[in-house]
Amino acid sequence: MNAAVVFGLCGAIAIGLGLYGLITNPQPLRKILAFNLLGSGAFLFFGVVARRGAAVGLGGDPVPQALVITGIVVAFAATALAVALLLRLFEMTGAATIRADTRSSPADDPEA
Amino acid sequence: MTIASTYEVALAMIVLGLAAWIITAQKSFAAAGGFVAYGLLLPLVWVRLGGIDVALAEAAIGGGLSGVLLLGAAARLGTTETAVVAERPGVLVRLLASVLSAFIALSLAAVVLLLPDPGPTLAPAAVENSAATGLGNPVTNVLMAFRAMDTLLEKVVLLLALIGIWSLVPDRFWGGRPGMRHEADPRGVLAFLARLLPPLGIVIGLYVLWVGADHPGGAFQGGTILAAMWLLVMMAGLMDAPPISRRWLRLTLIAGPGIFLVVGLGGLWLGNAFLAYPSAYAKPLIVAIELAMTLTVAATLGLLMAGVPERRA
Amino acid sequence: MTEFFTGALGFILAMFALGLVRVLRGPSDADRMMAAQLIGTGGIAALLLLGAVTGEQAAVDVALTIALLATFASIAMAKKGTSRLDGDRRDTMEGT
Amino acid sequence: MSAAFNIMTIIAVSAGAFFFFAGTIGLLRFPDTLTRLHALTKADNLGLGFVVLGLLLQAPSIRDGLKLVAVWLLVLLAGATVSQLIARIARQDGASG
């Protein structure tokens, strides 16, 4: 067992957990959290590939590492956009749900 | 099992425990708190995997900005939680979802165990060609030269996300200031921190940018630190968010990708290819792009965090 | 020396795991914030030791970044999504 | 000389680990929020302080040493601020938790 195997398995389980949360949790914010978890697991996979490509004195293959950095930026941009959409939805309807039929009554929201 | 791999297994167990907590916690606020802790742990994993550049990015984004964004959203949405929890899917759906997730996790675990070790690598190619740019950090070389197109597009994605957020603004607030106006006691502890930390943070952010040429670091990591310092000053109420219609702000937002694009087109004009640097000027050009990029990243991330404009200028 | 650092690293990580129990159990927000603070500090100590184990000097830069940014989450927790800190002015006038 | 440094490093890092241990036990076992806060600050300031001190003796250059000290100072500053925020929240919650 080396670091790549341990954290590769860790990434696989994180992807599984994230996927489960993404499907089953009805709250959009929790879906965003689960999505981020899933993403970080996928990044760990790239880390494993990079680690196994360690050569010529480098700790890892720089190409997958650079891809992960790009991925982190894009994941953050997507998260920020999703959170902004969610907060706007909450502001307009007084509820944070993505189900169209069971929109809860905006009783305690003065703006709605 | 050696002492080092015991440590790795322990770290992996804690990371997975937190991951399970993020998914199963009752309250979103507690789950977001778990995500912050998760984000603080991942850099340890990445250092162990030999990816210090990634560890820096993960520390700045995962442990810092993402956590603040999600905690803030969880707190604002706290009142809606009980209504939505009732929409939890039935047992059958949850069972199917867990079977599917377990299947995917197991397949991926098999892939990890079956992948060749040592695997194919581009590391020798990256090191061989590093003389072309004169930079010593292979990851920066990949980001700024060998795969420069990806980095250019990534910055465009950041801008698109910001445009997406701005397009949510109600008409009457167009061009206004994003987010709420923060207030704090000017003699309080938060204002104290917001006066003391940013000068240090700016130095560290620029340091991370500067060492990125030859050691782990770079424009994105440095820019994230600068964005965090800007946010701290705004959160302490010492400075308001700028109206999004300001010209200097718009110019800062496009400076990084703009200069990148101009240099790239220059490469085309000089007869090589799009984004090909003339080899005599590769290093100064890359450093110039990175400087502009750092400012752009700082401004873009800060505004992404600030959110939808909701006040008049 | 490397073995000693790895051992210390494992020990601090174990403390870290125990601190997590407090984050997860709560009960109050203050307890969660404290545990988050402990995790930040423990993570920094672990990173510094890890840097010493692997001989990777840049690990200190990662620790520096975390030290700079770990406060943000605590401030966000304290602000609870509102524009001001509860009881701000009153507190400081009493000289805390 | 190097052996003496190594021994001092071992003593300092062990002391740091002890304070992390004490802080964690306090965090788990102390009865209320404010006493737990007291335990936490020991882990923060002394635990990390001793670890930094130990590593300082092994630092290869002055620049690396300065960065280590900077990490510690930043954590001290953050710890002092966050402790205030925590104590304030604890008082609003009735300091019983």
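In order of appearance the chains are A, B, C and D, and numbering begins at 1 in each one.
Please note the rule applied: contacts are C-beta pairs under 8 Å (C-beta built on N, C-alpha and C of every residue); 3 or more make two chains touch, one makes a residue touch a chain.
Model, not experiment: these values are computed from the prediction.
Between A-B and B-C, more C-beta contact pairs are found at A-B.
Between chain A and chain B, the centres computed from C-alpha atoms are 12 Å apart. Distance from the chain B centre to the chain C centre is 20 Å, each centre being the mean of its Cα atoms.
Work out the mean CA point of chain A and of chain D, and you get 32 Å between them. Averaging Cα coordinates per chain places chain B and chain D 28 Å apart.
Annotation for chain B: residues touching 2 or more other chains are 48, 52, 65, 73-74, 76, 189-190, 193, 197, 200.
Of all residues in chain D, those touching 2 or more other chains are 70, 74, 78, 81, 84-85, listed in ascending order. Counting only residues that touch two or more partner chains, chain C has 40, 56, 61, 64, 68, 70-71, 75, 85, 91. Annotation, chain-chain contacts: A-B, B-C, B-D, C-D (touch as defined at the top). Across the complex, chain B is touched by residues 70, 74, 77-78, 81, 84-85 of chain D. Chain contact summary for the complex, chain B toward chain A: residues 1, 5, 8-9, 12, 15-16, 19-20, 22-23, 28, 31-32, 35, 38, 42, 45-46, 48-54, 57-58, 61-62, 65-66, 69-70, 73-74, 76-77, 79-81, 83-85, 87-89, 93-94, 97-98, 100-102, 104-106, 108-109, 111-113, 115-124, 126-127, 138-139, 141-143, 146-147, 150-151, 154, 157-158, 160-162, 164-165, 168, 218, 220, 301, 304-305, 307-308. By the touch criterion given at the top, residues 189-190, 192-193, 196-197, 200 of chain B touch chain D in their complex. Residues 3-4, 6-7, 10-11, 13-14, 17-18, 21, 25, 30, 33-34, 36-37, 40-41, 43-44, 47-48, 52, 55-56, 59-60, 63-65, 67-68, 71-76, 78, 180-185, 187-190, 193, 197, 200-201, 204, 208, 211, 215-217, 221, 225, 228, 231-232, 235, 237 of chain B are the ones that touch chain C when the two sit in their complex.
Note for the complex: chain A touches chain B at residues 1-21, 23-27, 29-30, 32-34, 36-37, 40, 43-45, 47-63, 65-70, 72-74, 76-81, 83-88, 90, 94-97, 99, 102, 104, 108.
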